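Below, chain A partners chain B and then partners chain C, in two separate complexes.
Right after this comes the complex of A and B.
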């Protein structure tokens, strides 16, 4: 990636110098390009210098405490890591202090680095030999190499809100991409103070210019719809995201001397940051973005722009068709086998997939009735209720506080999922784990319906570590003209918590119905592995 | 590009002819800035870089010579001139510039002075994919005495009836009192979909509209619509619930049939559709959001045409189209900006008593022993000794001789007030001379050529 940047650099420079000499004022794009070039030139200079000291720095970390000016541990150090170049890309801001360090290194330090490097290489060779012998024992971790080079996994930024350094980095990154930073709102409950909490009354568009030039208007509209909750639900958000990306791709023109496969990906990055600021991305959206980025970077460089764009648009259509529409059909077919006549099915909240399944089953003349369980403050169950009743299905509506009273009547529980984690946990709307727990206590089978594109490689065992905090003012209710919680911010010991997601352990889930078939919850890592091999 | 701004500056100021006789309404000085500077400043602050200005040749000439416009307005102004005397309504003007319009538009009137957070209106337009989003404000009573008004203020100004839904954002009904001869009737289809409607009358329409591009194309086909506020808006609001767009059911409502007859004259359909319509529909279907509850229909009742309104509770919003509004605006507009009250180039002698809420324009000369309170003095004005100016608006190039006493009056450009004159609540027209020792109260002093012909 960086190599082409170097060759691209001088060519670009000519273009801009031409413009300068012609006396035209540099437009915004050209200024941005100039900035980019300068950065790339700096990077290429650094790269040459740093390649030598890169490995030694990596060794330095376990040996001595990492100096803040050195490259931050952005990559997990594994024995097969090809190294240097990609780590330089994300943090250009810290480049400037780095060159200042180099002249300060004395001969003694360089000797120590060289020695440490040699030891590490020796140890890694040993470790590789050890691995081959140890493959029979699956549980043993790769001990020898990790002793010398501990795997440094980076925590995602969105769960480190109480760390001021991370916040500063985020602010710098957003500034670079010209996206405003959304400020947190209200007192956060201490257990969740590491998460963002935004207010719906302070939209991000307040700080944007109105005919938005930095961000494509379709993305601004999408961000607004996310933050106001007009587009809610995992599938809806992914479809809306892909729709917006289609418009972006249609309106995109490759700047001269750039390649579509690289430039388009770079163009999408600020949009994704913007959407993240409006509302944290869901797992399904993350997978969709990964797919699109892969498709874009796989476009051959000799492909013409029109052809490339139509190819990308077709890819997006195909993705939606396969992963969402056809998957829904397949899941409906499988789950109809599980619904028998006379069933009483319990559903929670409004899951588009579960509603689809129930409507299909009703069309196929299965006789069942549905109990819709709802919870505040979202009260999404009302929408589910409307859709089911519109089709003619007989429904009962209760709040989650009545679930243990209603469960003796229930024969099956169908739940939707926001994401399925790699350790078999189900991440879904807050309250789902409660329903699963009570159902387990009553020995009622719990079936989770989830498409495979929502499977994600994260691992979580509790709902605290990574979650989403919604606007706390949603919890405020006005009854008979009185709003008791109106001035909740003035009470120092009061915090309002509006969680969005929770995780359900696999012990409570009996079956997961996916488009690949009906699998137990613990087979999720297998599916993930198979998916990775396919791709 | 997302939005194109269009500034309508060709209006004649028909409700304040005394002021606009010589100076077109768009260039009337308010707080020593031309009136059209205020909406342009609003657009500039929000981030617009280009504005299409529809105006007359006269205004264009004045704009190019006005120092304030040249220096302060950094946006690119694309001036389109139209005939001054032709009855070109605002919709006709839009039709005239249809070729320049490539995307959705934001139409602003030149007489709007407001400090609204524009993103509130535009967010409604974006988030709900609306066809129309407009701004309205609660009307404020004008407290200042208007010169030349005899007797109590007439209540006859036609009221506007605006119906909004429960959330206060969706526009359901809009009509002017003049069109409702035999009572206010609301269609059953509206009541079925929105059983709770709030009807408000005390609202001021700010004439700030976000319109979809499809509306401009529709205007090009339908030449019978000539005014945005008077005809286009009520049409769009009615069309939201029109049967042709929504359902195929045929009902025998006599009122509905009448409406269909009225709508039948505009027979070209307003096509609201976008590419990837099926994807949008899929996203909406899968989303668990609904804008209303209690009935069996989906979000927006399946309607594609939606009109939204943002009603400002607090903050400044004035439309300077009457004399009373003009006086009020002069009082309040300077508070919008942090500018020094006295222009640095004005020459003010030390023994002048100047109140803190007065504004003195550039190149003024104020002599000794004068007292200026709560007034606005325009550029290049000369105020001689022993003059008392209270609560008044003095425009550019006026000469006020010694010993005058001016109270609650409006003195237009280039007027000369003779020595010792005493004016209370008067309006002195352009270039008029008031003789010495004159005493006028509550009069409109204009030239004979300005008087209307009966």
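Right after this comes the complex of A and C.
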């Protein structure tokens, strides 16, 4: 059992096997830990097998000589690799010695075995090639992992609301982090039973004790602002998030015997869960959080606390500056070239970036007028209208149902985006795809303005699989003194649907203006790849 | 002689009707459905025929045309008034022709021979007096009234031919015709309806409550979500205010967007419109929408709130009317059956 003690993974696995063979009863925590370890093992195997193929080869070779006895028992179970080099067989063998003769093996373990075998075969083939030129070997395995890296992402919880196991897991996780679970509200339309639907009148903060000991007050305030819609819009939400994290970092002190780089990340996890419960995270927020976590974990351990904190604060400031402020300036510069005198520009809702562009163009003395399209129930267009009129731009205001009436007058459509998906679809406020559709029918060019930090690796083709359901009571309105839908909850067959986002197919969009330049919608994955390689 | 009394009585009624029309469209949305308007117009025309003083068909037609012009001027957007007047004029022509003895068939056809030799009915001045004409005309108008009363039911009867189980149907705003159509189908089949609320009047809400009370699974969505949910919709069924001569529609605000979204997803668009909505107008290029001033904070802004949309015939799949289903390309033919070409301009 103790012969394969080189890599940490096999040892742990041996421990598991040991425990199982000894018939010990594992407690819940141990089971969770074991599951985590198994997952980590799988991941590390997939990543490192190809990189460290040579080392493992060399290491396994003495092992193979030391454990020839384990060969025969594994051979009947590994019939798929009879032609494999003898050094290969011990690789999986050394990792699963004990239950090799045990017939009762779980499916997952057999899968792991098979995968390990395949990886090892691949590694040996590369190793054979690389043995001749070993210097080139470390360089070669690096390139393939980025291509062959199986992106086996776990499906996020917020699109699996109809799966009771996922809900149970989430409840347990929140319990551990001491964050209250927010319950769904109202009758959900069956097409969207996989999404959450919350009520604005029941914010999560009502279930927290004041003052909250687990969650930093800045985060509590931020969560409340998100859930009530006080802070809305992807840029605003990201900036608010980063400022709140700055506050958290300022107030943070490393507990004794802990490293800042690891402990701070663990401290941030319950905050992120809390914010997610208040309102599902946007793509831009997700990218910002990834960046912060990376920066924190890259802090060297010998760094002093004050130095580390100021470094992190600087990083965050730089991120906001570069990705949001400077990007806005760059995008405004390129967009102004697209705005000519006498233009009639149509905008939808309130996008901070589009408003910024229009104000900049107006400063540069371009003569144009703006048509602001608005939609119920959010009526965000009124805010954009207010900002533009304050600058002195001449505006017209219509509701989205009048878009086909007003479009013959329009020369260009400028739209903002919430995120740009990897298949070229634009995820934005609900109604954007409709405007793009009608604009296409009237042959009016559609330009989408989006910073690169909102680019997202997800793919999506329709607005159902992943969306956000807002409070359904928002649709209720009083007209002529009568509120028709007031008692909608009492009518069993009536449902209200208040979507927040929708996806626009790339054939409706003519141009995407980003801080990297003007690109067509289909070049989004190229930008993502360039960004990943840089990082 | 009750003549003068009758005449004043008649004028009173006409005035009352005109003021009703004017009030009906004065910015608070239509107070009554177009079916009611059609019925009232026809009843009024019958009264005119009965009580006004006329000696020949030409006189009657002149009177009706005059009153008709006043009525259409009172509320231009209410096209059913004009349509009913044209129907009645056609009835008068037919009855006159029948009394004269010439068959209706030959009168209808515009043969080349007729055009060259006699010029057809256009040379007729309808001056001949026929004693039975009044009674015939009133009888024909009564038939027209019965037809009007049965339109909604006739359309609803066809519902089961077009809706199958487990369908998702989308509609916009509130149309009484579509409401009864869907309720009739719901008696036998189970399906799901998505109603777009149609801001700013939000009449879709009333439609949704009424449908859900009949036990139909209904969902209300905002106008902005029409394209987002269209991929799951099997059929789009809408009502309209007017059907134009080219097969296009003049329908409530937002219908054009709905039609474009349906076309993009290749979803059939079905229009439930009774025959009295068929109007010989075509779309006026200087699109005269009815503006409705919306409550707005700032006075420096132009606000547009058109009430109607034009939908071109290419986006429509089917018309369902009280006489059956037709393709949009057939509408011009129905037009020539219902109205005489000379009456297109009142």
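In the analysis below, the second predicted complex is superposed on the first by the 378 of 535 C-alpha atoms of A that agree within 3 Å, B and C clash if a C-alpha of one lies under 4 Å from a C-alpha of the other, contacts with A are read in each partner's own complex, and residues count from 1 in each chain.
The working rule: contacts are C-beta pairs under 8 Å (C-beta built on N, C-alpha and C of every residue); 3 or more make two chains touch, one makes a residue touch a chain.
Just so we're clear, the structure is a prediction, and the values are computed from it rather than from any experiment.
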item	value
Partner chain in contact with A:464 - chain B first, chain C second, else both or neither	second
Partner chain(s) touched by A:494 [first = chain B, second = chain C, both, neither]	second
First, second, both or neither for A:232, with chain B first and chain C second	first
Contacts of A:365 with chain B and chain C, given as first, second, both or neither	neither
Contacts of A:401 with chain B and chain C, given as first, second, both or neither	second
First (chain B), second (chain C), both or neither touched by A:485	second
Which of chain B and chain C A:389 touches, first, second, both or neither	both
First, second, both or neither for A:221, with chain B first and chain C second	first
Shared chain A surface residues [contacts with chain B and with chain C]	382, 386, 389
Chain B to chain A touching residues, read off their complex	1-5, 46-49, 106, 117-119, 122-123, 126-129, 275-276, 279-280, 282-290, 293, 296
Chain A residues within the chain C interface of the complex	189, 191, 375-377, 382, 385-386, 389, 394-406, 429-431, 433-434, 437-438, 441, 462-464, 475, 477, 479-480, 484-485, 488, 491-499, 502-503
Complex contacts: residues of chain A adjacent to chain B	203, 205-206, 208-213, 217, 220-221, 224-225, 228-233, 235-237, 239-240, 242-243, 246-247, 250, 320, 324-325, 349-350, 352, 380, 382-384, 386, 389-390
Touching residues (chain side chain C, partner chain A) in the complex	28-29, 194, 197-202, 205-206, 208-209, 212-213, 215-229, 231-232, 253-254, 256-257, 260-261, 264, 287, 289, 296-298, 300-306, 309
